[in-house]
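By written order: A, B, C, D, E, F and G. Residues from 1 in each chain.
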Amino acid sequence: MIRPLGDRVLVEAAAKEEKTASGIVLPDTAKEKPQEGTIVAVGSGSLNKDGDRIALEVKEGDRVLFSKYAGTEIKYEGKEYLIMKESDIHAIVG
Amino acid sequence: MIRPLGDRVLVEAAAKEEKTASGIVLPDTAKEKPQEGTIVAVGSGSLNKDGDRIALEVKEGDRVLFSKYAGTEIKYEGKEYLIMKESDIHAIVG
Amino acid sequence: MIRPLGDRVLVEAAAKEEKTASGIVLPDTAKEKPQEGTIVAVGSGSLNKDGDRIALEVKEGDRVLFSKYAGTEIKYEGKEYLIMKESDIHAIVG
Amino acid sequence: MIRPLGDRVLVEAAAKEEKTASGIVLPDTAKEKPQEGTIVAVGSGSLNKDGDRIALEVKEGDRVLFSKYAGTEIKYEGKEYLIMKESDIHAIVG
Amino acid sequence: MIRPLGDRVLVEAAAKEEKTASGIVLPDTAKEKPQEGTIVAVGSGSLNKDGDRIALEVKEGDRVLFSKYAGTEIKYEGKEYLIMKESDIHAIVG
Amino acid sequence: MIRPLGDRVLVEAAAKEEKTASGIVLPDTAKEKPQEGTIVAVGSGSLNKDGDRIALEVKEGDRVLFSKYAGTEIKYEGKEYLIMKESDIHAIVG
Amino acid sequence: MIRPLGDRVLVEAAAKEEKTASGIVLPDTAKEKPQEGTIVAVGSGSLNKDGDRIALEVKEGDRVLFSKYAGTEIKYEGKEYLIMKESDIHAIVG
C-alpha cells in the first residue's frame, strides 16, 4: 500500500485507449493539455491555520484531469503511478 | 460531466461571430485584450483560513471576459472548453 | 453592462483635453506618470480571511489617477474602457 | 484636492535650500540617501485581516525622510507632488 | 542520539537491494524518481499560527518515499543518515 | 529629532576605536561581518494581524551588532546615522 | 555578553577534534554537510500572529548540527562565535 502524505494523491494515469472511452479527446493546439487518470489513494489533507487537516476534494476512484508535467513517477507491485499535489488536478470527469 | 476543482471554472470560449453580437469589440492596441466566453461549470471554491470553501463569484451561464492566455484546453464530447482559475476572469458582461 | 470581478474596477480613461480641465498636468521627468480617468463600475471587493468581501475604496463616478501601464483594454458598445485592480489606482482627485 | 488610496501618502518634496534649513545634510557616500519632504495628504490606511483600515503613522504636515526612488510624480494646480506608500518613508524629522 | 528540530525528520536511506524487497521498482523515465528509506527520528513539528507545535504525519519506523535530492547527509556512530523536512516526503509505503 | 517609522531604528555606528574598547573584534574571514553601533531612537513597531503595534526588542542606548550593508545613511545636526529595520540587527552586546 | 535578537542563536562551532569525540563523522559526498557546535545564547523567539514571542526549541548548552554556510561570524573577548537563525539548525545531537 502507498499512503500519500498531506495534500498529495496517488494517480494511475490512463492509457491512450481509455481516454477515448471516457469521451475526452484532447485538441491539438499550442496550449498545455491535461492528462487523464484515476485517483488510487489520497493523503490526509493540508493543514489549516489551527493545524487541523482539511480533507481533499478528490477521493479514491475519481476520474481526473491533471497537468501532464505534474507529479513523481513510482512503480509499485508492477504498476506505474504518479504522486502529485491535489492542486495539480484541474477537474473530475465523468 | 466535467467538475472543476477548487476555484477553477469551465469556460466555453465564444466564437468570433458571437463577440460582435454581445456588443464587445476588442480595440487593436498593444495592451493585452481579453477573450469572451460562457461559464459552463464552477468549482466548489477555494479555502478560507478555517478550511471552509468560499463560493465563487461567477456562476453557470455567466458571460465573462478572461485573459486570452488563461487556462488549459480540453475537448469533451466533441466540444472544446477551457479550465481556468476564477482569478483569470476580469468581468461579467451583458 | 460590464461588472468587474473581485477587487477590479472599470475605468474610462480621460482624453488629453480633459486632463487640463481637471487641473492635473503631468510633469516631464523620468519617473512613471499616472493617467487620469473615471470609475465606471466597481467589483464586489476582495476577500478577507473569513471569506467576506471588503468593499472597495473607490466608487462609481470617482475621478482617479492610475498607473499608465495598468489594466486590460476592452471596447463595449462603442466606448473604450480599462479593467484594472483597485491597487493600480494611486489617488482620487477633484 | 488629491486623496491618496489605501496606505499611500501625498508628499511635497523639499527644495534643495530647505534641506539645509531643517538641519539634514546628506553625506556623500555609496549608500542610498533619503530625500526630505512634507506630507500633504494621507490615505485611509491598509486593511488588517478583518478588513478594517489601519490608520497611517504619518499625518498631514509631518516632515519626512523617504527613499529618493520612491513614488509617482504628479503636478496639480501648478505644484509638483509625489504619491508613495507609507512604507517608503523612513522617519519623521524635526 | 540525533533529535531533528521543527518539521525535520531523520531518515536512513534504503540500500539498493532493500528496494526490490519492498516491492517498489522505480521506472526508467525522465521524471524525477523518489528514493526509499526508513524514518529514524522525527522533530516536534512546525508551529501553527498560535505558536503551538503540529505533530508530524510520519513516525519512527515508517517506510517512506522521498525526493532523491532532499536532505543533508550526516554520519553518526558509523551509520549514514539524511536530515530532511517532512514536506520532502511523498508517501508512506508498505 | 528623528523618529523612525514602524519597525525601523536609528543607529549611530561605532568608530573603529570604540570597537576594540567594547571587546568585539571581527575575525578576518570570508563570511559577512557585522558592524557595531548604538541605538539612538526606535520606531513604534510593526503591526500584528489586528493592526496593533508590536514593541521593538531593542531600546535607546542598546549597543548592537548589525549587518554592515544594512540601512540608509543620513547626517543630522552634524552627526551621521543609519536608519535600518530591527530585523537587520543580529544581537545586543555588553 | 552577547544577547541574540528574535529567533537568532549564538553558537560556538566545534573544533575538528571535537567532532570525532561526539561520534559524528561527516561522509565525503556531494551533498551539503552540516557543522557541529554548541549553543551559547538564544534569542527571545520570533513573534506569533498576536505579537507574542515563541520560545526557541534549542537552549544554552545544546550540541547542534547546523548548515555550514549559516550565520555571521563575530569574535568576542578572544573567542569566535556564529550568530544564526534557529531555522539554520538541523538537529540536536548527543
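The criterion applied here is as follows: a residue touches a chain if its C-beta (ideal position, glycine included) is under 8 Å from a C-beta of that chain, and two chains touch if they have at least 3 such contacts.
Since the structure is predicted, the reported quantities are computational estimates derived from the model, not experimental observations.
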| Chain labels contacting chain C and also chain G | none
| field | Fewest hops from chain B to chain C - one hop per pair of touching chains | value | 1
| query | Counting in whole Å, what is the centre-to-centre distance of chain B and chain F, each centre being its mean C-alpha position? | reply | 51
| said: Counting only Cα atoms for the centres, state how far chain A is from chain C in Å. | reply: 41
| field | Residues within chain F bordering two or more other chains | value | 49-50
| Beginning with chain C and continuing through chain D, what order do the ring chains follow? | C, D, F, G, E, A, B
| For the complex, which residues does chain D have touching chain F? | 23-27, 29, 31-34, 48-50, 52, 54, 57-58, 65, 67, 86-87, 89-94
| query | Where on chain A does chain E make contact in their complex? | reply | 1-6, 8, 10, 44, 47, 49-51, 71-78, 80, 83
